[in-house]
Every structure is written in structure tokens, then in C-alpha cells.
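Read through the structures below before going on.
In what follows, subunit A forms one complex with subunit B and a second complex with subunit C.
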Partner chain A sequence: MKDLGHVNNPWGDDKVIDACSIFGMMDVSGKTFSGRDIITAIGSMHDRGNGLGGGFAVYGLYPEYADLYAFHVMYLSVSGKTEIESYLNSRFRVVLSEEVPTRRVRAIENPPKVWRYFLEVDRRLCDDDVEEEKYVVDHVMEINASFSDGFVFSSGKNMAVFKGVGYPEDIGEFFCLDSYEGYLWTAHGRFPTNTPGWWGGAHPFNILDWTVVHNGEISSYGINRRYLEQYGYRCTMQTDTEVVAYAMDLLLRRHGLPVEMAARVLAAPLWSRLEHLPAPERELYTSLRQIYGSLLMNGPFTVIVAHQGEMIGLTDRIRLRPLTVGTSGTRLYLSSEESAIRLICPDLENAWIPAGGRPIVGRLGDALPARRSGRSSLSKGENFPLHAQVQGG
Partner chain B sequence: MLNETSAEPREQTAGLNAGGMHYRQLNATLRDMVAGGAQRIEIKDVCGQRYIGTNLCAPLAIDLHGTPGNDLGAFMSGPRITVYGNAQDGCGNTMDDGRIVIHGHAGDVTGLSARGGKIFIRDDAGYRAGIHMKEYGARRPVVVIGGTAQDFLGEYMAGGVILLLGVTLEGSRAHDCDFVGTGMHGGAIYLRGTIDHARLGREVGVSDPDENDMLLIRSLVAEYAALFGRDEAELLQGGFVKLYPRWLRPYGNVYAY
Partner chain C sequence: MKTYLPPRYIVRRDEDRCIQCLVCENQCSFDVHQYDAGDDRVYARDDRCVACHRCVTFCPTSALGIGEYPLDFRANHNWRREAIEDVLKQAETGGVLLTGMGTDKGHRVYWDHLLLNASQVTNPSIDPLREPMETVTFLGRKPGAAEIDPATGALKTGMPPQVRLGLPVMFSAMSYGAISLNVQESLARAATELGTLWNTGEGGLHPKLRKYGDNTTVQVASGRFGVDAGYLNAGRIVEIKIGQGAKPGIGGHLPGEKVVEDVSRTRMIPMGTDALSPAPQHDIYSIEDLSQLVHALKEATHYTKPISVKIAAVHNSAAIASGMVRAGADIIVLDGLRGATGAAPKIIRDNVGIPIEVALAAVDTRLRQEGIRHLASLVVSGGIRNSGDVAKAIALGADAVNIGTAALVALGCRLCQQCHTGKCAWGICTSDPALTKRINPELGARRLVNLLRGWDHEIQEILGGLGVNAIESLRGNRLHLRGLGLTDMELDTLGVRMAGK
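Let's look at the complex of A and B:
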């Protein structure tokens, strides 16, 4: 760890400027690309992190196993591997298991053993996809809560998380990410504030194919966690960001909320703004606050949430952490700093700073998000289907 | 300003390529160049380097091509920085004197805690522009934003001037920002266009600019128009609104017995 007590340096520059860095890039046409550029981009924000965590999420990298759950597991001991593999073998059909290829990188010390398993669920155990996903989530939670020497850190289909203790550019090299191709990548450089820098605590956080990278602090972690535990989620990664991944899984997958509305749960419009809204919107947002008050994310945050086919950038409602959006051709970029986007896309067509609490969404096959003229935390012009959704939620 | 630059001898213009350079190296190089008598420095390929121009106390000109990093011109006292691109967060942080001109937009907390100098932004600014600016005597920081700003403009503002020209607004020319002037207890914010009074901080009063205000507005508009090649007369059309602090010590009783 950086010795923060020793602040004098030959540059006369004593300030610790750390703050997490996040970056996301997606080709909405579905065209895949390697991890080379995102490693460069996140590496250019090196000074925001302190080497205690770096990680990436990739979507579309295992097309040959697209229908299988790709579990990625970190092992801290040989016995941990034996125990967890025995657990997996008794609950899933293991189609393929292999060690995740890594390179020796000097900056990466004492890495755990990292394995991946392509798993199939016996459909006699579950009637439909919903039950199958519940089966998978339950077993991930069980493994991560029960085994001390190993944990599942990626459990979606045709996607993967790669993460660990180190600067993100070193983690990228360690996991050979230049050799994978995906249509959507997110990345994180960590500056741990309140919780330990360990391999499981690096971002992204994941469940099924949902991933989250985060800059900020979720001060409402305690209440969010208690609420999520009622739905079977178990927080084992010792870090606030974990609740965002489970909250998105609950709201978007299980409760079927549209992204724009889930954003209003996490970054709920302030009461003082609700007073000034027309009745239907006011009632909708009031209902959301009543139903999901315990999922309100308090504190400063910018997150990039991703799942199959979608990348979402969201900040807290008063934008206490930065986010810049860039678009070019069929590419969408989200970054803590604009310079990181321009480094890998010098001919960037558009760059703007979105309003707080408003999601920026890139969807496979859709047009890129455009800068809106309304910029407040609650723009009047915004519309998404209000009525059907209220009952559904 | 044009006359000043053209009067400088060409041999004192120095070039620098910042591509791949760490911010510490870049700023150390800048300080060396200033110590060596450089009066105009052109830096190409700027990409995210922080604190450019920090603590430089000489009246030189620095032209930046690319995207400078956070806290551009922090604590600087004297230089004239021109950015051909966008600025990131914290541009002009605690700036003392000099001028920063952005041919693009600026990120959050532009001009935070500035105590002098001028910042001109061609387009929009992010959240909390002008937060905690202050003034003393003749030292009066100025932030001119050609477009509009996001929420918390002039938050805790204790002095100085913010001018929004609204050139990026469409239709109604209403500035779409919330919590403007929250905690404001000094200085003035001038808006070209309108703002819903419900979106102002409770410490903020609204009036028409008086003749002295208009003198200041006209001179800043003239400077903005010259810098960015805009039509000065057109920018002066349409009404201006003045936002001012209703109390100079809004929290005077909070800590009193």
C-alpha cells in the first residue's frame, strides 16, 4: 500500500489525488474489439487509483459457450478448489473447466489461482429461465458465504469479470485481456476508502451477467444490504458497491423495471423537486420512493452498470462524482475523465457531461444516446412509459 | 489581448509536446521554461495532465491543444491559458490572477474558491461552477459561461462575478439548473435568459441589473465576443437577470449563543 504518512516528494507535490477511475466502452452494432484500448484508457487515469484494485468486465467473449453459465472462481488454497469443485459438480453439469490464462506481471503479487467453469443447469430442477437464474444466484450466494478459501466473482453467460489487486493496466496484462474480444467492456481503477483492498473487493462486482464499477461511496450500504438480504442476496465482498449489483439484478431482472425507472430508485429525485412536477410524474416517483425507499443509494457515486446488450452510466442525483459521455460512430464511451476517451478515440464526435441522476444508456442495436437539451436532475421533457410500469413495479 | 500577443518576440515562443508525459514532468518542464524566460508556450497533445500552469506567477501565455486534466491553472497568478478543447473538473481552482479561456465546455467546480482572475468558457459548464468564489477589494474573480450551467451554480459564493450568456439554450432561453446560489452570501450572478425562481437557493434575491451592473456585463460580453468571434450586439440582446445574496451573513446566528 502507498505510504500515505510519507508525503514529501521531490516534486513538492503532496496532495493525494486518488479517486476511483471508471471507464466503459460499447459498440452498439455488436462489433467486438479487444481489451487493448480500454487498458490504455483506464491506465491513463492511473493516478486516480492506488494499486489496490483493478478490474474489467467483458461481454460477448465466449460465443462458443454462449448458453452456459461461465463461473469464474478465485481460490486461495488447494483445498478450497477441491471443495468448491466438488460443490459445483454436484449441482451443475460442468461442460468445461480450465485455469484462466495469466501472465507473470511483476506488479501483481501473490495472485490467487483463477479458474473458470462453463456450467449447465439440469432443467429437471427448474421449470423456466426465472427458476434457473434463481438456482444459479442461490448457489453463488451459498458458495461465497460458506467457503472461506474461494469465491465466485463472475457468473453470467457469455461475459466475464477479470479483477484483482493491482493497477488496472497491470491486471489487464495479467489476465491477457488484449487476447479477448467483446462488444462491451467496463473497467475500474480502485482507491479503496472504507474497505480492504483484496482480490474479491476489486471491481467490477457481479451476479449473473450484471456488473457494476463504481466511483464514490454508498453511505446507505447498511440499509440497502438489509433490504437485499430479504430477497436472498448475501453480501460477502466487504465492499459497498456490491449492493448496487444486487439492486440492479433485483430491480431490472426480477421486478422487470425499465432502466430509466431503476435509475429513479437508486438516484431518487429530491422531494423538493417532486413538488414542482406534474401529477402523474410526481405520483410515480413518490410511489417508487415508497416502495423502494430502502434501495435509495445515498452518498456520492458514479456507476457503470452493464449486462448482456446494455451499458448504463448513472451518477448520484447531485452529481458528486464525475462522468463524461462520448460517442463516435457506433461506439459509446463513459469515463471519469474526457481525456481518457480522447486518448483512444482522437476523432471523438461528441462529448458531454450528463445531468446527475439521469441514466445514459447504450443498447445493442439501438441508436447511440444523444445529448439532451434539458440538463437538470429532473428534466421536464423526459418521457418513458409511466402508466403500465407503475402497476408492474 | 491580441495586441499583447503580437507584440511578443517570436523567439520567446516555445513549443512542447505533452503526449505520454506525466503531469509532474509537464509542470516541472513548464516551470523551467518560465524560469528560462519563455513568454509564450504552446503545448500539443495534452491528455489529462493535471494542474497545468499551477502556481505559475508570470504573465506568460500558454496555449493548450487537447484535453487538459483536472485543476487546470490551480493557484496560478498571472498566466493567460487558452485551451483548444474542453476542460475537465476544477478548472481555475483557487486561481489568484490571470485568465483561462476554454474553446469548448468545462467540467464540474469550475473556478472553485477563485480569488482573482478571469475564466471564459465558450460553451457550458458542469455542476457547482463558481463554488465558494470570494473577493477582497479590487481582487474580484470572474467566470463567464457562454452557454448554461448545471446545478448548484455559485454555491456558497462569497464574492466575484458569474455571467451566463445562454448561447447554447434553445427555445425559451430558460436556464435549466437547480439550487442556483445555494448558500450564496456575496458576489453576483448575471444570467442572459430566464430562470424559474423556484430553482434558486433561498439565500438568493432577483433583480434587474442596474447601470453599474450593465457596464460590467457589457465589458465582459465584449471580451467574450472578441475571444470567441461572436456578435457582441446580439449577445447583448434580450434581458439580463441579476441574482444577488439577500444576506451577507446568512448563518451569522448559527454558531452564536
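Let's look at the complex of A and C:
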């Protein structure tokens, strides 16, 4: 029997209430670019944050170690580092360990020490990739639940999360993100209303190569969390956002659902809409909701979820938080505000607001998502004429 | 034997208002009011009054009032009025004291110590009058994961039978014989109109009510009254009744005089014979026996209906519930200490079982710990009085609730606890044809529909206030509850935090 009570915070309600800026950009051709533009874009939404959290996720930045798990760990004490390094050494083969380069930035106070480790899993311990990933997830959960002075905040291959307490533009400068190149970046500026001032609590949240940046409050957190705990996830990061990351991991990696289906779980179509669908679709969505009703994410939210090769933007089903999509050339942009996209891409080709609960998916090698012109019954309200577009165009 | 029992209630008649119309005399089934032609006055036998308020309600001149009989017992903390009266009753009858409805003792009502949350500033509350608000609930076993065929995008996982409820409230099991056919018809009609279910109880399904089958739970209890293949397949859910909150571990006994022709046909027993429900089901002496019956019923209904198992909330409900799920139950019904009955030994009703709130919390937690919560829906009953209780039950982890007492109160019941006498003046818990006529199924259904429509609106307001627009987001979401005036251990058992924390 699982001891579901075994977590840092047994009440599990230290969720941080956020109202934030989020931004994502991806080149679907796989071309890499530095963090300079995304720092500018997220920095332009400065007023949506309050300096108590900023962060970035980058994909494709460690091509030379692409097959190794890149653990990024923050340490609050020297003893914490000793303990966790000893734990890592006994569970993984550590190919390379180094301190993450940082700059002194006046606005960043008392930063923890941040180290990264490129790790290999002994294949004798795991039969296949699925088991290997479970092994990694279990140990990340174990470290984060058991050690008080250290925290794994990034654990995927050829990707990394950089985050901390501060405005995102300062965090970007602190971690020298202008010197990294990736084909997919997401960013977050945070406005927590309750302030643990803890570096681990900033976005993006990560497990394996999944990252989530989130603007909003997940009012269904209590049941989302209890549901995920049944599958071995431990919510240790004192925020509601991590349930989105774990939910995506469960649905896509472990249950093998396509992204579009997973989005229909998190933002289930209304029953009243299903009534107008053809029978096979109606039955599919009805079953999905019957099975995964406890994973319905309720309350106001916009998330950008990313993993290797894919970036997904999604709002709650009645779109209580903003999301704008932009496309230009091979670039896909997702942003809380359209102005942030236009700031770094003045000749933007398309911009639109997607319908509530409808996922926008950018996939490496695929065509960019397009604005829907047909009126399929699930995409009603897709096409809002944008004043900004008229003005800008 | 002269009774030493003092009257319990006193009838107050305003002689200036009384017009000697004799409505009270006609309405009272306990023969309290008696007209004296010589005096041209109506007198009352106070000792017979049960405070059902039937006469008060129907007196055209509002001449009547009922009060506690003014009689102060000598103060004694241990030997209070009820304890003395119970001893007197037994000294005069030598039997088990019977009673009806749920316990009236002061066991802690946890609903009254739980408070719900609401949105302020950081997330918007949602107005259910202007935004969609979903209270639809599906009962039945759910798969642990959905498997999608990558080629076609179709669902490969087979879905076990699911029952759709328009709102997460159903009517509790109340058998024909215990309640009248008119009451059952009121419940069936209301359930059909609301898109929810009523429950036959163990007394079979009267032919007149078969047409409401899609909104009916048919019960299989220890007496197996009225059970045949047609009965099992007539309903939407088949429920195995192991126990009920008002009398855990106790059987039932419908006296022969209540087994009139219609009851006899519906229960499939000879007229005038006592209908005895044994305390246990005599083919279920262990969990593996339950599993056999569950699967026998699934076979009999061709795997088209969820099989529900109802137990009374007792000390080790969590472990029992886990066993029931593993035995194949698709729905678990927990009936708490305050659950009602048509007849039960008073000593059992008031002293056996545990409150539904703690049983629910324990069962939901245990099923989650074992990773089997999705395998069965959880329905609770026994003390649900209003939509606030419903919302709190759902937040603690229930999929839906059953209401019995609340439904009967809507039809007139004043909880006078005389169900076992068969004299119900409101025509609810009786088979006396003169009394059962007092319930008109059409008007009864209207009252029940009104009640639950109101509750549904209130549940929607509660959800909207919490900033969510689907009942799933409240279900099992104990973070939306806080406890007030509870000990650490009680908070821990309920899995909720103290208000202010």
C-alpha cells in the first residue's frame, strides 16, 4: 500500500497563486537561436510579474551530451551538495559534473549554488526506455522529497531549466542565457501572491524533458494532485503548476495518448458541446472524461508545455487567462501578450487568439499551426478578429 | 396494565378559532382528536399525539398547536426523560423497542464543522447563470488508463457500463411495503424528470413502475424479495444490500398484515405472510461469497449494468470497501450512522455504526492509497440535509449522495419516528389504503423535483464560487474544505485543515 502521506507538505495546499507572463518560441525547422530575444520578450511583460520568480526552459542546448540526463541541482548548503552528490554517484554514472556558469547581477540576492550533472543510467537496472525513465523519475522524486538542502529542478536530456527568484530578465542575465542556443525556449515571469521566495518554486517546472510554464491558478489542484499521487507522483514543489507537468507525463509518456487527446483531458470539452458531435467522437470524449475526470484542470490558466521536439499552448476551457499565437517563417510564438511577440518579430505574419481549451501544437519538422477557418463544433469561437492585427497589419 | 408513561406532547386548541369542522379528527391516524357531540367540542387525547403536525397543517382556522407536554422530570444527568421512558416502555411490553427514521441523538454532525472555500481576486468566481456549469456525474467502474489506437485515433479501451446522473443526488433505497406505492411513484417520476435514480429497496418492483426502469436501481437484499431475471434487467443499476446505517447487522421484518395483495405480488410471497429479511445474506458469509454474487448478477444482466454494494458505515469500513472493490463492486454505497429506516430496534439505531463523514473520508483515502479508487464509484447517504452537505460530501471524495429522509420531508414527513407503526398520517410509510391516498404521485414528484432543482442550482453556485465549472474539480478536492471546532485527530481523519490554515 502506498504511503501517500509521505511528502514534504502533507496538506499539499501550499500552492502558490500566480498571475504571470509566459512566453514560448520555437523554430520548427530545428534551427537554434540564443536566449537574447526571449529575454527581451519576457522582459517587456515586466509588469505582469513582481520579481519573485522568473525562469526559462531551453531545448537542444547540449547536443554533445544529447544521450545523457542533464540534472540541474540547486544547493542551499555545502552538506546538501555532499549528500546529494553521494546519492547521485550511487544511482547513476556521472559522466560530467560542473557548476552552472552565472554572472553577478545586482537584482539577484542570495542565489543558491547551481550545479549540473550529465548522468547515465546503468542499463542492467532497466530493460527498456520506459523503465529507465521511471528509474529517473523515481530518483528525482526521492531526492526532492527527502533532502532538504538541495533540489533537482531539471532532469531531461538535451534540455535545461534555468530559474530563480527575480525578474525573468535578471534571471536570464544571471544564468548567461544569451550564450546558450536552442530551437525551443519557454519563459516565465511570476507574480506569486504568497511568497516563499524559494528558487525551486519558480517556473518552468520539469520532470524528464517535460517543462511547464503556467499563468493562473488551478482550482482543481487538490483532486488533480490526489489522482496523480495514485500513480506515484509526489507533489513536492509547493505549487499547483507541477501537476500539469506530471499530468502530461502520465498521459503522454505512460498512457501513450496523443497530445490533442491529452489536451482534451486537461481542458475537457463541455458536455453540451459533445451533444453536437458525431457519435464516435462524442463517445471518445465522453469516455476520456469518465476515465480522467480527476485530471480536468479547472480554474483560470494558460500553460505552455514543452518537451523534446514539441511545444503546446493551452488555456482553460473557458479561457480565463490570455494566450496569443504568432507565426512567422518557421517560427511559432506563444505569449501572454501579442505586443511581446511583435517586439522581437516586427514583421509577424499571423497572430490570433485560440479558442478556450484548444491546444496549439508546434512540432519539429511539421508545418506551423494555422488559424482555423472552418467551424468544426469543437473550435467554435476560434476566429476572433484582432484589433491589434488590424492596427499592426 | 396501567401505563406509567406520561404524554409526550400536548395539543393546544384555540376554542375561539375552532369551528368543529373535524378535519383534525379525520386527518389524525393516531386517534388523538375526538369530537363530543354533546359538548359540540373537539377534545384531544394528548398521550396519543406523536407531533406529526398533520392536524396543524390542515386545520383551516389555524386553531391548533402542538407543544412538548409540560412536565419537568427531576434533574438528573444520567436518568433523563428518554432513559426513564424507555425503561417504562420495556417494563410494560417486554420487547425490543422499535422506532423509525434516523437516530435523533446528538452525535457530532461533521457537516456542520466543515466549511467550503471561494475565489477572491487571484481567480475569478464563475456565474452559473451566465457560464456553463457542469454537475453531470457518471457512476460505474472506470479503466485506469485510456488506450488510443494510434492509427484511427479511436478508443481501444473497453468501457464498463456507466450510469449518467444529471446531478450527483439520488434517492435512497425505500422498499414498497415500507413506503407506499404512491411514494415510490413520486420518487420514480421525479428521478426520471431529473435524470437521476430512485431505488426500489428490497421489496421488488411493482409492475406499474417498470416503465421508470432506466431511472431505477433494483435492490437485491437478504430476503431476495421480488428478484427474478426480469427484475434485475428492468433497472439501470443492481444493488446488493448488505446493510443499512440505521441498523447495521440487523435484518428486517415486514409484518404479515402489511403484505396485502399488491405487496404480495411485488415481493413474490404469499399474502399475509411475514416478510423476513435475514440479518446476513445467507449466501454471503465472506468476501469471496460477495464476489460470486456480484459476478452472478453481472452474468444475469449480461455485463450491461454496474453492480452496486451497499454497506452500513462501521468501524472497519475502509478495509471492507477495499475488499468489495476487489470483489468486483462497481459502486460502493456507504450508509452512515444517521441513516433512516422504516423500522429498527432503537438501541441499534442509536448506538451502532459511525458517522458517514468519517467513513467516507476513510474509504476514499484507503482506495486511493491502494490505487483502486477508479475501480468503483462512491455513493454516501445517512444524514444529507441540503446542498451544502452534498458539496461537502463530494469534496471529501463521494461521487454522489443518496437522500432518503430529505425526500420524505419534502413529501410531508416531520420525523415523528412512527414509521414502524404503519400509521403514518402523511401517507408515506404505511400501506393503509385510506392513508396512502394522501400522497398524489404527480404532486409528490413536483415537490421532489423542486427540491433537487433547488439543490442543483445551489451546487452550481458553490462550484462557481470556488472558481470551477465542473463537479469533477470538487470531487475529492479536500483543499476546498476547512474544519472548524475539530480536534487534530478529527481533522487528520477527515483529511482537512483547520480553518485559517
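The rule is simple: the second predicted complex is superposed on the first by the 351 of 393 C-alpha atoms of A that agree within 3 Å, B and C clash if a C-alpha of one lies under 4 Å from a C-alpha of the other, contacts with A are read in each partner's own complex, and residues count from 1 in each chain.
Heads up, the rule we're going with is that a contact is a pair of C-beta atoms (placed from the backbone, for glycine too) under 8 Å apart; a residue touches a chain by one contact, two chains touch by 3 or more.
This is a predicted model, so every value here is computed, not measured.
J.: Looking at A:299 after the superposition, I want to know if it touches subunit B, subunit C, both of them or none. Which is it: first, second, both, neither?
T.: A:299: touches subunit C, not subunit B.
J.: Would you check which partner chain A:356 touches, where first means subunit B only, second means subunit C only, and both and neither mean what they say?
T.: Once the two structures are laid over each other on A, A:356 reaches subunit B alone.
J.: Please indicate which partner A:216 is in contact with in the superposed arrangement: first for subunit B, second for subunit C, both, or neither.
T.: Second partner only, subunit C.
J.: In the three-chain superposition, say which chain, subunit B or subunit C, touches more residues of subunit A.
T.: C
J.: Under the stated touch criterion, which partner chain does A:318 make contact with: subunit B (first), subunit C (second), both, or neither?
T.: Both partners, subunit B and subunit C.
J.: Examine A:40 and indicate which partner it touches, taking first as subunit B and second as subunit C; both and neither are also allowed.
T.: The answer is neither, since A:40 touches no partner chain.
J.: Of the partners subunit B and subunit C, which touch A:330 in the superposed model: first, second, both, neither?
T.: In the superposed model, A:330 contacts neither subunit B nor subunit C.
J.: Return the residues of subunit A at which the contacts from subunit B and from subunit C coincide.
T.: 11, 13, 17, 318
J.: Note which residues of subunit A are touching subunit C in the complex, please.
T.: 1-4, 11-13, 15, 17, 19, 193, 216-217, 219-223, 226-227, 229-231, 254-258, 261, 268, 270-272, 280, 283-284, 287-294, 296, 298-300, 317-318, 320
J.: In their shared complex, at which residues does subunit A touch subunit B?
T.: 11, 13, 17, 44-45, 47, 273, 276, 318-319, 322, 324, 337-340, 342-343, 351-353, 355-356, 373-377, 379
J.: Under the stated contact criterion, what part of subunit B meets subunit A in this complex?
T.: Against subunit A, subunit B makes touches at 23-24, 28, 46-48, 50, 66-70, 86, 88-89, 105, 107-108, 124, 126-127, 148, 150-152, 169-170, 176-179, 198-199.
J.: Which of the residues in subunit C come into contact with subunit A in the complex?
T.: Going by the criterion above, the answer is residues 119, 121-124, 126, 131-132, 134, 136, 138, 140, 142-143, 145-148, 150, 153-155, 157, 159, 162, 365, 368-371, 373-374, 466-470, 472-480, 497, 501.
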